[in-house]
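Per-chain numbering from 1; labels A, B, C and D assigned in written order.
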Amino acid sequence: MSHLKVHDRTMSTSNDSTPILENMSSRGRKLATAGAGLSAAALLAGCATDAPQDTWKPAGANAQKIQDLQWPVFLTAGVVGVIVMAFIAVTVVKYRDKGQPIPEQAHGKAWLEYLFIAIPAVILAAIAIPTVGVVMALNATDDTECVINVTGQQWWWEYDYEVGADGTICGYAPSAVEASPIITSGQLVIPANTKVLLRGTSRDVIHSYWIPRLNGKRDMVPGRVHFLRLESDTPGIYAGQCTEFCGLSHANMRMETVVLESADFQKWLDNELEPYQAPQEGSLAAEGETTFIAQCSRCHQVNGLLDPNNGNIVVSYPDQFVYSGAAPNLTNLMVRNTFAGATWDLLTPECRADVWESSPEEFGDKYLAGVSQDCLNEIDLREWLRNAPAKKPMYADPATLEQTDGKVRGMPYLGLSEDQIDQLIAYLLERK
Amino acid sequence: MAIIERPSDEVEVVDQSTPSEATPESSYGVFRRPVETTGWKSWLFTIDHKKLGIMYGVVAMFFFVVGGIEAMLIRLQLAGPNGTVLSADKYNQMFTMHATTMVFLFVMPMAAAFANYFVPLQIGARDVAFPRINAFGFWAFLFGGLFLNTSWFLGGGADGGWFMYAPNSSVAFSPSNGVDFWGLGLQITGIASLTGAINLIVTVINMRAPGMSLMKLPIFTWMVMVVQFLLLFAMPVITVALFMLMFQRSFDATFFTVEAGADPLLWQHLFWIFGHPEVYILVLPSFGIVSEILPVFSKKPLFGYPLIVFSGAAIGFVGWGVWAHHMFASGLGPISVAAFSVATMAIAIPTGVKIVNWTLTMWGGKIKFTVPMLYAVGVIIQFTIGGLSGVTHSVAPSDTQQTDTYYIVAHFHYVIFGGAVLGLFAGMYYWWPKMFGKMLNERLGRVNFWLTIIGMNLTFGPMHIIGLQGQPRRMYQWTENRAGEGFFNIGFWNLVASIGTFVLALGVLLFFVNIYVSHRKGTEKAPLDPWDARSLEWITTNPPKEHNFDRVPQVGHLDEFFHRKYEDRGADGHHEFHQVATAEEVLAEEEKNADGHIHLPSPSYWPILLAFSLPIMAYGVIYNLFLLLGGAVLALVSFYGWGLEPHTAPEEDYDPPTGTSMEVASHG
Amino acid sequence: MFTTGSKLLFGASGASLIGTLLYGVLIGGIMGTVGLVSLTTGLIFLAGINAFIRDANVAADDVTRFSGSAAATPRPASSVWPIGVAVGGVLIALGVVIHAALTMIGLVVVLAASAEWLLQGWAEGASSDAAHNREVRGRLAYTAEMPVAAAIGLGLIVFMFSRVMLGAPTKSSTIVAFSIVATIVLFGGAVISRARSLSASKMFGLFSIVSVVLLAGGAVAGLNGEREIKEHHTTAYYAELDKCGEEEISADEHASQTVAGKANSSAEVTLSENGLSYIRPGLKTPKSGMIQLPRSNPNNILFRNETAEPRRFIAELADVEGSPARLCTALIEEGGVQLLTINYTAPSFDPAVEESGGYAFVVAGLDERIEVVVP
Amino acid sequence: MADTAVHADDHVDHGAHHTSTGLSNNKLAMWMFLGSECLLFGGLISTYMLYRGRHSANLGPDQVWDIPFTSASSFVLLMSSLTMVLAVSSANRDDDRNTKLWLSVTALLGALFVAGQVYEFTTFYREGLGFTTSLFSSSFFTLTGFHGVHVSVGIIMLMSLVGMISKNKVVGDKKEVVELFGLYWHFVDVVWILIFTLVYLIPA
C-alpha cells in the first residue's frame, strides 16, 4: 500500500487528507498480512494506478467520509471471512471419515448458539452507529455555498448555474457584465474548496449522477428534485458515469466534474458570460454560422447568436423536435473538452493527457485554454457530425418514432455535406 | 389411477393403464377422464406431484441453458473494450432476459421441482393437498415462460432491466412489445407461484404423517414452507405493479406519467417490496437442501435445528423490512436510508447463524465427501463470501459508491449462484437415486463440481474488482480511457470474467454428460439407501410408488429414518450407535403392514386447459382484445369443468374396471 | 372411430387452420395472425385431447340398444334448439337490413343454438335411458352453460339497472330508485324464504316477472337516454377562457386544499401577510422577486395561502405555441395548498415571451409578483 | 378449488379428510388466498392514497363524489353479506330451497351494487373524469374497478353455485362449498368498507 502515497499525485498534495492516508496504508499493511479474502482484494483495488472512477481514491470531503467509513467495514468483513474459511477448513480436515464411530446425535449446545448470535450482533452494532452518523452528515445541506441545477436526459447531462439573490453565481460576481444564468453540459465546472449542492432532476427517465472520487451516486428522478453534495480541494478533472440504467445509450452517458481554483473559476465565469462574437465576415467560420443557423439552431442554442439576414436573435425550440425537450447549449462548446454526453473527447489523446495529467497548479490554465485548432480531435467530431446515430445508438430514425409522436431521442442524422461539416467545425472552434 | 386393492403389485397398476375396448360399464363422451399411468398422456394430464416435480425440473433446466447462453453472449460482448458482438439494443434485451429467465424460469421452478417432489415424501403424505392445482401451477409456469420468450420472435425481448424501473418502461422509452411480454409473462408465472404457495402451505400444515409435529418437520420442508409464505405475500404486490404497468402501456393510464405529476419511486417501492423477499425465495430452498445433506454425510443431526428453523423464519419476516436498501441511491430521505441500513445489517444475524450452525453440524462428525456433500460445503463457502460483501453495502454510504456497479453483480451472483444454484445441484446429486433409481456418476460429479466452483469464482470474483474500479452495470460497452492500468485495470479482469463464464458453462455441460453416462444401458440400479440418509422420503422404493408409501409412516423422531436404522446402545451418558436394521428391512416392515385400501385422485386435463388459456389472454392484451375474450371464455369453461369434476374418475373410466370404491358414492 | 364431439373439433380446427393460412398469406398482419394461430392451436389441442381420450364413442355406452328392437330406442325428446337457430337466422337477416349489431347477435344465437342442438342429438344417441342421456349431456353442457348463463344474467341486470339509474331525472331520484329496488329484493327474499308453500313453478313465475320488469325498465330507460349530466369544468378550462380572477367560479367548489407528495416539488410558493415568497428544496431561506426554473421540464409548484381570505395563484405563461396563456389554481383558503405542474417550453429571453410580459407567478387581485427566469 | 387428495384412507367421506390440524384443506386454502388478496388491495389502496391529491388543474375527488349514493350502494353490499350468512345457515340446515334462494338474493344485491358502480363511473366520466385524466382518476378507477371485478366474479360463482345445487352437481361437501363462497363474499365486503372509508369519506 505504501506506494499509494508515491503514485497518487492528487492525494499527496492534499495536505489535510494525508494523515488519513498514512494510517490507512499502515493498517493496509496489517491487512495485507491478514491474507487473501474479499477485503484484501478490495483494499488493494484501491491502489490501481489512475482508474478514473476508482471508488477507493477519494478526492473530496464527502468521498473521504465514505472512505473512512467503508474501509474498516471491508477489513472486518475480510477478517471474519478468513476466520470462517479457516474454521470450515479445519472442520472438514479434522473430522473426515477415518472410520471413527458414529458420533453422538447431539442437537446442539444452547450457549454456543447464543454466543454465535451475540458476536455478529455486536460487530454489526459497531458498524451501524457510525453508518447512521455518516448518512446524516452526507445529507446535510445547510452550509451550502453554491447551488447548481443538474438535469439528466437521454443521454447527457445539463448544468445550469443559478444567479443568486445577490446577483452572483456561487458567490462569484462576473467582472464585466451583469450575472445571468449559465447553461453548460457534459462537464460540470465547480470552484475548489466550495460546498457545492447539486439540485438534480431529469427530463425523461431516471439517471444517476456519480463522480466516484467526489461522492457516492444519487439518482436524478423526473418529477422529483434530489441533492448531491460535491466538494474538492484539488483542481483537476474527475470522471463519472450515469449509473441508473437509462435506456439504449446508457453506456454512453458520462459526465466529468472540473474543479478550478477560485481565480480560474472567476476566469471561466467571465468567459461564459462574454457576449457573443460573430465570426469574421467571409471567413469559413462565417459560413459555418449560416450553416449552424440553418441546420443546428432548431435544437442547439448559442446564446446571443443573431441571424445576419434579419438581425433577430436565434432561439432554439428543442421541445418541438426532441422528446426530452432539450439539446446541449453550444455557446462555449470548445471550453469544455468533451462532447456527445462526455463520451468523446474534443481533444486529441496527447492534448487530453496533457490536461488530465497536469499538476493542480497549472491545471487551471491548461483547462481554460480550451480546444485549439491543432488539439481538436477531428476524427470523432467529424464522424459525429456525419452521422450521429451511427456513432452513438439513439432513437433518431424518423421512421420508427410513432410512439414519441415523431420526436427524436438523441441527435438525428442530418445529411450534412463535407463542406458544411468543415464550416461547422470552423465555426464551433470559435465557441469558447 | 384410483384404487389399489391390497395386496397390490406394480403389474396390476400397469394393467389398468392399458386401455381396452369400451365396455357396457364404460363411461361416455369426451368427458371420460384420462387414467393412464404410463406413456406421454400420463405426463400431460398427470396430477402426481412426483411427475410434476420432474417436469418442473426438466423445464427449469431448459430455461437454465437459455439463460446461460444469454449470459455467455453478455460476457462475450464485454470481454474487450467497445465490444461489437451485440448491438446496444440486443445487449439491453440480453441482460434483461438473462435475469428474468434465471430468477423466474430457473431458480424458482427448480426449487418448486424439489418442493413438489419431496415435501409430500418428507412429511409422509400421498400427494399434495390440491393435486390438480399443482398440475395447473406447472403448466401455467411452462406456458408463461414460453410466452415470455416468444417476445424474441415478435419484435425483441424486454429491454428495461429485470427491475423495469418506470418511466423507462413506458411506451415512449421502450417502443417494442418486449415489456408487455415481460409484464404479462410474469403475471402468468406469478399465478403459478401463488397457487403453488397456497397448495404447499396447506399440504405442510395439514397433511403431515401422524406424530410429525412442526418441530419434527424435515428442515427442507420447513424452508420450503417459509418460502411459500413469502411468495403468498410477495406475489400480490408485484401483481399490482405489473397491472399498473399493463394499464400504463396498453390502456394509457398515467401511473408513471411524470407530466401528470407521477412519482417514479412508486414502482421502485412496489417492485422491491416484492423483489427483496424474492431474494430469500430464491435462496432459502437451497439452504434447506444443504441443511438436509450436511447431517447425512456428517452422520450427525443438524446442529441447532430449532435455531435454524427460527432464523429461517426470522429471515422471512425481516426480509419484508429491508426492501429500500435497493434504493439507497434513489433519493429517499436520510432518515429512511439510515433505518433501512440498520435493518439490513440486522438480517445478517440470522444468516450468520445458518453458516455457523452448518459448520458446527460438521464439527465432531464423520464426514464423507460425496458429490452432494462437496456442493453443500461449496454453498457454505461461496455464500459466506456473498454474505460478507453484502454487509459491506448494507452500509448505506459505501453502498452509494457500489450500487449499480459490478461489485453488486459480483455480490448477488455469489449469493444466488453460490447460495441457491450450487445448493440446487447438491440436491440433484443427493436425490437423483431417489427420483430415478440410478446413481449419478461420482467421478464425473467431482469434475463437474470443481469446474463449476472454479468457473464461478473466475467469473464473479473479478467483478468485485471491476466494480470497485467504478465500472457500472448494464453498459453494453466499456472503453479504454476509463479502464485504468496496472494490476487492477478493468480490461484484464473483464477478460478473466469472460473466460470464467466458459469454464462455468463447461462445468454445467458435464452435468448433462453425467446424466447421460449414468443412464446408459447396463448402469446398475441405485441401492435403496445409498447415502445412509435420515429423513422420511427414503422409507420407500426408488423411485417411490405412485402412492408414495404403502403405510403412512408413524413418526417419533426428527430424523425418523435414522432412528429406525440405528439405536443408541450407550449407557450412563456415554453414547454408541449401532445399526439395528438395514433400509431394506425398514421398507419390508412398512410393506408388510401396508394400508388396505389406498385411493388417489385421478388425472385431469382441466389444469392444462386452464393454464393454456392464460397465454392466449396475454396475447389478447397485446394484440387483439377479441383474442382476450376468447381466452377468457376458455378459462371460464375449464374453470367450471374443473369445478364440476369429481376428485376421482368413476370406476367405469377404468378398463377393466377396478372393483368398487366408496369414492363412487361421492359423485353426488 | 371418432365421435361427433371429435369430428366437430376436427372440423373446426381444420377450418381455422385453413383460415389462418389464408389470412396469413393474403392479408397478413400480426394481430390477426397471432389470434388465429392461437385459436387454431387451441382447437387442435382440444381435438387432440378429445381423440386421445380414446373412448369418445358415446354409442358404446349401451350395447343393448343396438341389439334391442327399434321400439327399445327412445323417441328423441322435444327440443327448443331448432327454434333458436331459426330465430338467430331471422335476426341475421334483419341485421343486414337494420343494424350490424343485430347480425352479430343473430350469429351468436345461431352458433349457441346449433351447438346445443348438436349436443342434445349426440347425447340422445348415448343410450336408451333418457335420464342417463341427460346426464351425458349435462357433463359436457354444464361446464359451459352455467358460467355463461351466470355471466349473461349478471351482465343484463347490471346493464339494464344502470340504464334505469342513468335515466332517472335527478341524482336524488336515482338514490331513491336504487334503495327501493334493493329493499324489494331483500324483503322479497325474506318473504319467499318464509312462504314454504310457494311452489317452484310459482317462484319461477315470480322471478320471470321481476326479470321482465327489469328488462322492460332497462329497455325503456335505455331508449329514453340518460339524463343530462353537466361536465364539471376545471380551473384549466377557465384558464383557457382567461377566467383566473378573484371571483369564485364553479371549479372552486370542493376544490382540494391539500396535496400529496410535497417531496417532489421544485418550489413551494407561500402567500403570507408580508408578501409572496418561495422556498426551493435544499435551501431553507425563503426568497422573493425572481425564481429560476429549468426549461422544458415539468416543474411541480406548490402554492400555500397563509392569508385570511381565499386566494387564487396564477402562473403567467407567455403566449408561445404549445402552451396555454396561464395556469391557475382554484381559490385556496387559509392554510390550503394546491399544486401546479408547469412546463416552460421557451426561454425567457425568447422575444415572443418578452413581448407578452415574460413568465411570472402572481396572485389574483394582488400586485405581488415573482419573475420566472427560464434560461 | 374443491379437490383434495386423500391423505390417509381411514376416512373416505369427502371434504372432511383427517388433517393434522383438523381444519379442512379447502378452508385453510381459502384463508391463505384471502390473506394474499389483502396485500393485493393493500398495494392498490396505498397507490391511491399516494396519488389522490395529484390532479394538477383537473377534477379532484371532492368535486365528483356523490356520497349519499355511494353510501346507499355500500349499504346494499353490506346487506348482501347478511343474506350470505342466511344462505350459509340454510345450507347447514340442509335446506336447499332457501340456500338457493339466499344465494340468489345475495347475487342480486351484488349485481345491484355493480350496477351502481357502473352508474357512478358513467356519471364521473360525463363530468369529465376519465381513466386517463389524471393520476387521481387512474388510481381511483383501478382500485374500485379491481373491487368491482372481485364482486362480479363472486356473483358469477354464486349464480352457478345455485345452478350446481339444483342440478345436484356440487363436488364435495355442499355445506363447506357454500361456506367457502361465504368467506370470499364477506372478504370482498370488508374490503369495500375499507375503500369506502378511505376513498370517499376521508376528505382528500
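Heads up, the rule we're going with is that a residue touches a chain if its C-beta (ideal position, glycine included) is under 8 Å from a C-beta of that chain, and two chains touch if they have at least 3 such contacts.
None of the values given here were measured: they were computed from a predicted structure.
*Asks:* So, comparing each chain's Cα centre against the centre of all protein Cα atoms, which one is closest?
*Replies:* Of the chains present, the most centrally placed is B.
*Asks:* So, comparing C-alpha centroids, which chain is the farthest one from chain C?
*Replies:* Most remote chain from chain C, centroid-wise, comes out as A.
*Asks:* So which has more C-beta pairs touching, B-D or B-C?
*Replies:* B-D
*Asks:* Find the geometric centre of each of chain B and chain C from their Cα atoms only, then give the gap between the two centres in Å, rounded to an integer.
*Replies:* 38
*Asks:* Whole-Å distance, chain B centre to chain D centre, using C-alpha means?
*Replies:* Centre separation, chain B to chain D: 32 Å.
*Asks:* Per the centroid of Cα atoms for each chain, what is the distance between chain A and chain B, given in Å?
*Replies:* Distance between chain centres: 40 Å.
*Asks:* Just how far, in Å, is the C-alpha centre of chain C from the one of chain A?
*Replies:* Their C-alpha centroids are separated by 48 Å.
*Asks:* So which stretches of chain A touch two or more other chains?
*Replies:* Within chain A, residues 221-224 contact more than one other chain.
*Asks:* Among the residues of chain D, which ones contact at least 2 other chains?
*Replies:* 50-51, 54-56, 160, 164, 169
*Asks:* Two-or-more-chain contact residues of chain C, please, as numbers and ranges.
*Replies:* 142, 146-147, 151, 261, 263-264, 298, 300, 339, 341, 343
*Asks:* Just spell out which pairs of chains touch, all of them.
*Replies:* The list of touching pairs comes to A-B, A-C, B-C, B-D, C-D.
*Asks:* Hey, which residues of chain C end up touching chain A in the complex?
*Replies:* 263-266, 280-284, 287, 289-290, 292, 294-298, 300, 322, 343, 345-347, 349-351, 373, 375
*Asks:* Touching residues of chain A toward chain C in the complex: what are they?
*Replies:* It is residues 141-142, 144, 147, 149, 151, 158, 160, 162-163, 165, 180-183, 197, 199, 201, 203, 221-225, 227, 301, 312-313, 315, 317-320, 324-326 of chain A that touch chain C.
*Asks:* Under the touch definition given earlier, write down the residues of chain C that touch chain B in their complex.
*Replies:* It is residues 3, 5-6, 30-32, 34-35, 38-39, 42, 45-46, 49-50, 52-58, 60-64, 126, 136, 139-140, 142-144, 146-148, 151, 261, 263-264, 298, 300, 339, 341, 343 of chain C that touch chain B.
*Asks:* Help me check something: in the complex, which residues belonging to chain B touch chain D?
*Replies:* That would be residues 125-133, 194, 197-199, 201-202, 205-208, 212, 232-233, 235-237, 239-241, 243-244, 247, 251-255, 257, 260-263, 266, 270, 552, 595-601, 640, 642-647, 661-663, 666, 668 of chain B.
*Asks:* Applying the document's contact rule, which stretches of chain D touch chain B when the two form their complex?
*Replies:* 1-9, 12-14, 19-21, 23, 25, 28-29, 32-33, 35-37, 39-40, 42-44, 47, 50-51, 54-56, 131-135, 137-139, 142, 146, 160, 164, 168-172, 174
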